[in-house]
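Here come two complexes built around subunit A, the first alongside subunit B, the second alongside subunit C.
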Partner chain A sequence: MFDTALTAADFIFLAKGAGMTIVVTIISVIAGTVLGIVFGVIRYQLGAIWAAPLIFVLDIFRSIPLLIQLVLANAFMGTILRLNMSGFTVACIVLSMYTAAYCAEIVRGGIEAVPATTRRAARSLGMTWGQDMREIVLPLATRVALPSWIGLALGVMKDSALVYVVQVTELLRSTQILITRLQEPLLLLMICGAFYFVISFPLARFGGYLEKRWSND
Partner chain B sequence: MIEIEHVRKSFGQLEVLKGIDLTVSKGEVVTIIGGSGSGKSTLLTCINGLEPIDSGRILIDGTEVHAKSTDLNKLRRKVGIVFQQWNAFPHLTVLENVTLAPRKVLGMARAEAEEIAVRQLTHVGLGDKLKTYPGRLSGGQQQRMAIARALAMSPEYMLFDEVTSALDPQLVGEVLDTLKMLAQEGMTMILVTHEMAFARDVSDRVAFFHQGVMAEIGPPQQIFGDPQHPETRKFLSSTRQ
Partner chain C sequence: MFNYTFQWKQAMARLPQMLDGAIVTMQVAILSMVIGILLAIVLTMFRLSGIRILSAVAKAWVEIARNTPALFQIYMAHFGLGSFGLHLSPFLSILIGITFNNAGYLTENFRGALKAIPDTQTRAARSLGMGAAGAFRHVVLPQMLRISFLPMTNQMVWAILMTSLGVTVGMNTDLYGVTQDLNALTFRTFELFALAAVIFYVITKIVTLGARLIAARLFRY
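Presenting the complex of A and B:
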C-alpha cells in the first residue's frame, strides 16, 4: 500500500481539487446564508400563509436531490435560456439556493427562539423594529442557530462533491481521475478524506469556540 | 398628564377593558389593584401603545397614543414600562443593557450613556454589577436592572406592571424599596400591584378594577379604610384573608 506511484504533481492536482471545493463552498455558503437570512426574516414576518409561495419554492430546493438540481439547472441555463454560463457558475448558483433553502428555516427557528417578551421590552424602550432586529434578535438568534448553521455549512462542503456533474473538477472528482490512472483507490480515498477533514476541522472548531465564548451570558 | 378616555379593548370575544376613564397628573402616583383578568395589566400596555385599543383614546401630554400620525417610538421615550418578567437582554452586560436604548434611540455617545447608566444602576443598588451578565443576577437584581434601564431614558412617566409578582418573597422588598424611592422623588407613576401594604403606603390614589371596569378610585385611606363598592370590599377582605 505504501509502495505507491503517487507523485508530487498528483498531490498538487489533488490540492487544486481541494481548492475548488473550498472556493465553491465559501461562495455558496456566504451567498446562501445572506439569501437564507432574507428568506428566513420574510418567512417569519409574513407567517405561514402569506409566505406560502416562498415556502413552496424553498421546499423544492430542499426536497429534490442536489444531483438532479445541478443537471437540470445546467440544462436549463444552457439549452433553454441559452446563457453561456460556466459549470462553476451553475454550481455556485444551485448550491447557494440549496444552502439558502435550509438556512431560511434555521433563521426562522432562531428568530422564533427569541422570547416575545424580550422583544417587547426592547420596543417599549423606543427601539424601532430594525433596532430590535439588529441589537436583540440577531445576536440572540445567532446563538441558537449557530450549531445548525455549522452543520449546514459542513454538509454543503461535502455535498459540493456533486458539482462534478457540471464539469467542475473539485476534490472528489480529482481523486477519481487519479484512481482511474493509478488504480490505488484505498490510498487515494484516504488522502481525499484527509483533505476533507482538514477543510472541515477549522470550521467545526470555530463553531465550538464561539459557543464557548457566548456561554458566559 | 396621562388622560385615558372611555377606553375599550377586546381580545377576540373577551372584552377586557369596558370603558376606562382615568387621568393621572404630573407627579402623581396611581396604583391599580384588582383580581386577575380585571384588565389592569392590559391598560398599562395600551398606555404606551404596545397594544392597540378598540375605541376611546389615550393622551400623553396631549398626544394621542393610538393616532396613526403618532410616532410611537418617540412617544415611548417619555413613558417607561417595567414588566412582571424583567426581560433582561441576556447577551449584554448589566451596563450594556442600560446603555443600549439611550445610545441607539436617543443617539447618545457611549461615554455619556455610560455615565447616566452608572448613575441609574448605582441608584437602584447595582453599582457593583456593571460588568456582570444578567444570567448571574438574582430575580430581584434583574428587576432593579430593568427599572434602571427604563429610567436611563429619562422618562417623564413610569408604568410598573406587577413588577414583584414573579419574584421570590425575600426579593420583593428590595424592588419595592426602589419603587418607593422613585415615588418620593416625584416620578409620575402608574403601578399595577398585588402588594396592598405598599399600595397604601406610596399611592396618591388607588384604583380598583373589576372585570374590565374601574369600580372605584380614591385616596388609599378611603379605598383601604372605607371602600364604597361591594366588589372592592370583597377583594380586599380576600387579600387579607
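Presenting the complex of A and C:
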C-alpha cells in the first residue's frame, strides 16, 4: 500500500536544503541580533523624537512583506548597483535587517523593563554608563527579552522559507523541486513539515519555560 | 556604477491595476481574520471543555500553526489537500492557509488573555445562576476579546503581509501576484515592487491607526 519513489539521493537533497535553511537562519539571527542591540540601545538613548528616522526605517522592514523586501533588494543590488551578489548574500542581508528591526523593539522593551531606580542607584555608586549597561541592565534586560528573542529566532527560521525568491534552495524549495519530480506532495510535505516542527517545537517550549520561570509573578 | 534610469512613470501607469490587487489582498486578509477569530474562539472553548480529544485537537492545531512556516501551511492547503483529490483554487488555498495560521496564533493569544481574567468572575457568574455557556459568552468572552485586541491587530498586519505568499500557489489577482505579472510584462522590477511596497506600507499603517482609533472608541471606560 505504501510505496514511494523517494530514494536516498533525494533524502540527501532534502538534507542539503535543511542545512541551507539552518545556515541562513544562523547567519541572519547573529548579524540581526548584533544590529538589533545597537539599534535598540540607540533608539532607547535618543528617545522617540530624535530616533524618529531610525524608528521609521525599522518600521518599514516590519510593514512590508519579506517577499517584496527580498525582490527589491535583489533588484537593487543586481540591476541598479550592479554588484553581482549571490542570492545567498542578498538573502542573508535582508533577513539580518528584518531580524534587526524586530530585535531592536525587543531590546528596547528589555531595557525599559529595568527599573529606573535600579539604574540610578548604579550610577550613584559611581558606575559609568558602560558599566551600568553591562553589569546592571544587561542581566536584568536579558531575563525579559530572551523568551521573545527565542520566538524571533524561530520566526526568522520559518520566514527563511521565502528566500527561494532569490534563488537560494532551502528546505521548502528543495521539497517543491522533489514534488515536481516525484508527484508525491503529501509525503514530501510531511517530511518537510516534520523537520521544521522538530527544530521549532522544543525551542518554542524552552522559550515558554523560561518565560514562566523568569517572570516575577 | 550607478547608471540606471528609473522609469517611475511606467510603474505609476499600472497603479490602478495594483490597487485592484490591493483590494483582493484586503479581502483575503479580512476574511481570513474573521474566520480565524471565530475558529480561535471555538478552539479556545475546545481547550476549556475538559474533553480530552477536543483539547488535543486544539493543542495540535496551535503547535502546528506556530511551529511551521506559513508558506508550508499554504503548500499543505494547495498540494496536500490536492493529493486527496480536493483541488482548490489559489484564492481558497491561500485563504485556508492563512486562516489556519491565524486561528493557531490567535488561540495562543486568547490563552494569554484568559489568564488575565480572574477565575472568581466565572464563579460569580455561575453562582448568579448563569450556565457554563452563558458565563463564557457574557462574562469571559467580551473581556478576552478586549484584552487581546492589540495582538489581534498585529495578527491582522501579519495576515496582510502573508497574502503575498499566494503567488507560490498561482494566485495572480492579489497585490503581489499583480505586481509579478506586470513585472513579467515590463521588466521594471525595482520600480514596480517599490510601488507595491509603498502600497503595503500604507495599508498596514491605515490598519494599525484604524485599530487604534477603534480601540480608543470601544474601550473608553
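Some observations on this one:
Everything below uses one rule, namely that the second predicted complex is superposed on the first by the 199 of 217 C-alpha atoms of A that agree within 3 Å, B and C clash if a C-alpha of one lies under 4 Å from a C-alpha of the other, contacts with A are read in each partner's own complex, and residues count from 1 in each chain.
Here is the rule we use: contacts are C-beta pairs under 8 Å (C-beta built on N, C-alpha and C of every residue); 3 or more make two chains touch, one makes a residue touch a chain.
It should be emphasised that the depicted structure is a prediction, and the values quoted were computed from it without experimental measurement.
Using the contact criterion defined above for the overlaid structures, shared-chain residue A:196 touches subunit C, although it does not reach subunit B. Of the two partner chains placed around the shared chain by superposition, subunit C is the only one that A:161 touches, whereas subunit B remains out of contact.
Legend: residue contacts after superposition of the two complexes on their common chain; A:82 is shown touching subunit C, with no touch to subunit B. Comparing subunit B with subunit C, the partner in contact with more residues of subunit A is C. With both structures placed on the common chain, the touch criterion links A:186 to subunit C but leaves subunit B unconnected.
Applying the stated contact rule after C-alpha superposition, one finds that A:135 touches subunit B and leaves subunit C untouched. With both structures placed on the common chain, the touch criterion links A:65 to subunit C but leaves subunit B unconnected. In the superposition on chain A, none of the residues of subunit A is touched both by subunit B in one structure and by subunit C in the other. For subunit B in complex with subunit A, the residues that touch the partner chain are 48, 50, 73-74, 76-77, 80-81, 83, 85, 87-93, 100-101, 104-105, 133-135, 146, 149-150, 153. Those residues of subunit A lying in contact with subunit C across their complex are 60, 63-69, 71-72, 75-76, 79-82, 154, 158-159, 161-162, 172, 175-176, 179, 184-186, 189, 192-193, 196-197, 200-201, 204. Interface residues of subunit C facing subunit A in the complex, by the touch rule stated above, are 1-2, 4, 63-64, 66-72, 75-76, 79-80, 82-84, 157, 161-162, 164-165, 167, 176, 189-190, 193-194, 196-197, 200-201, 204-205. Here subunit A touches subunit B in the complex through residues 115, 117-118, 120-128, 131, 135-136, 139-140, 143, 214, 216-217, going by the rule given at the top.
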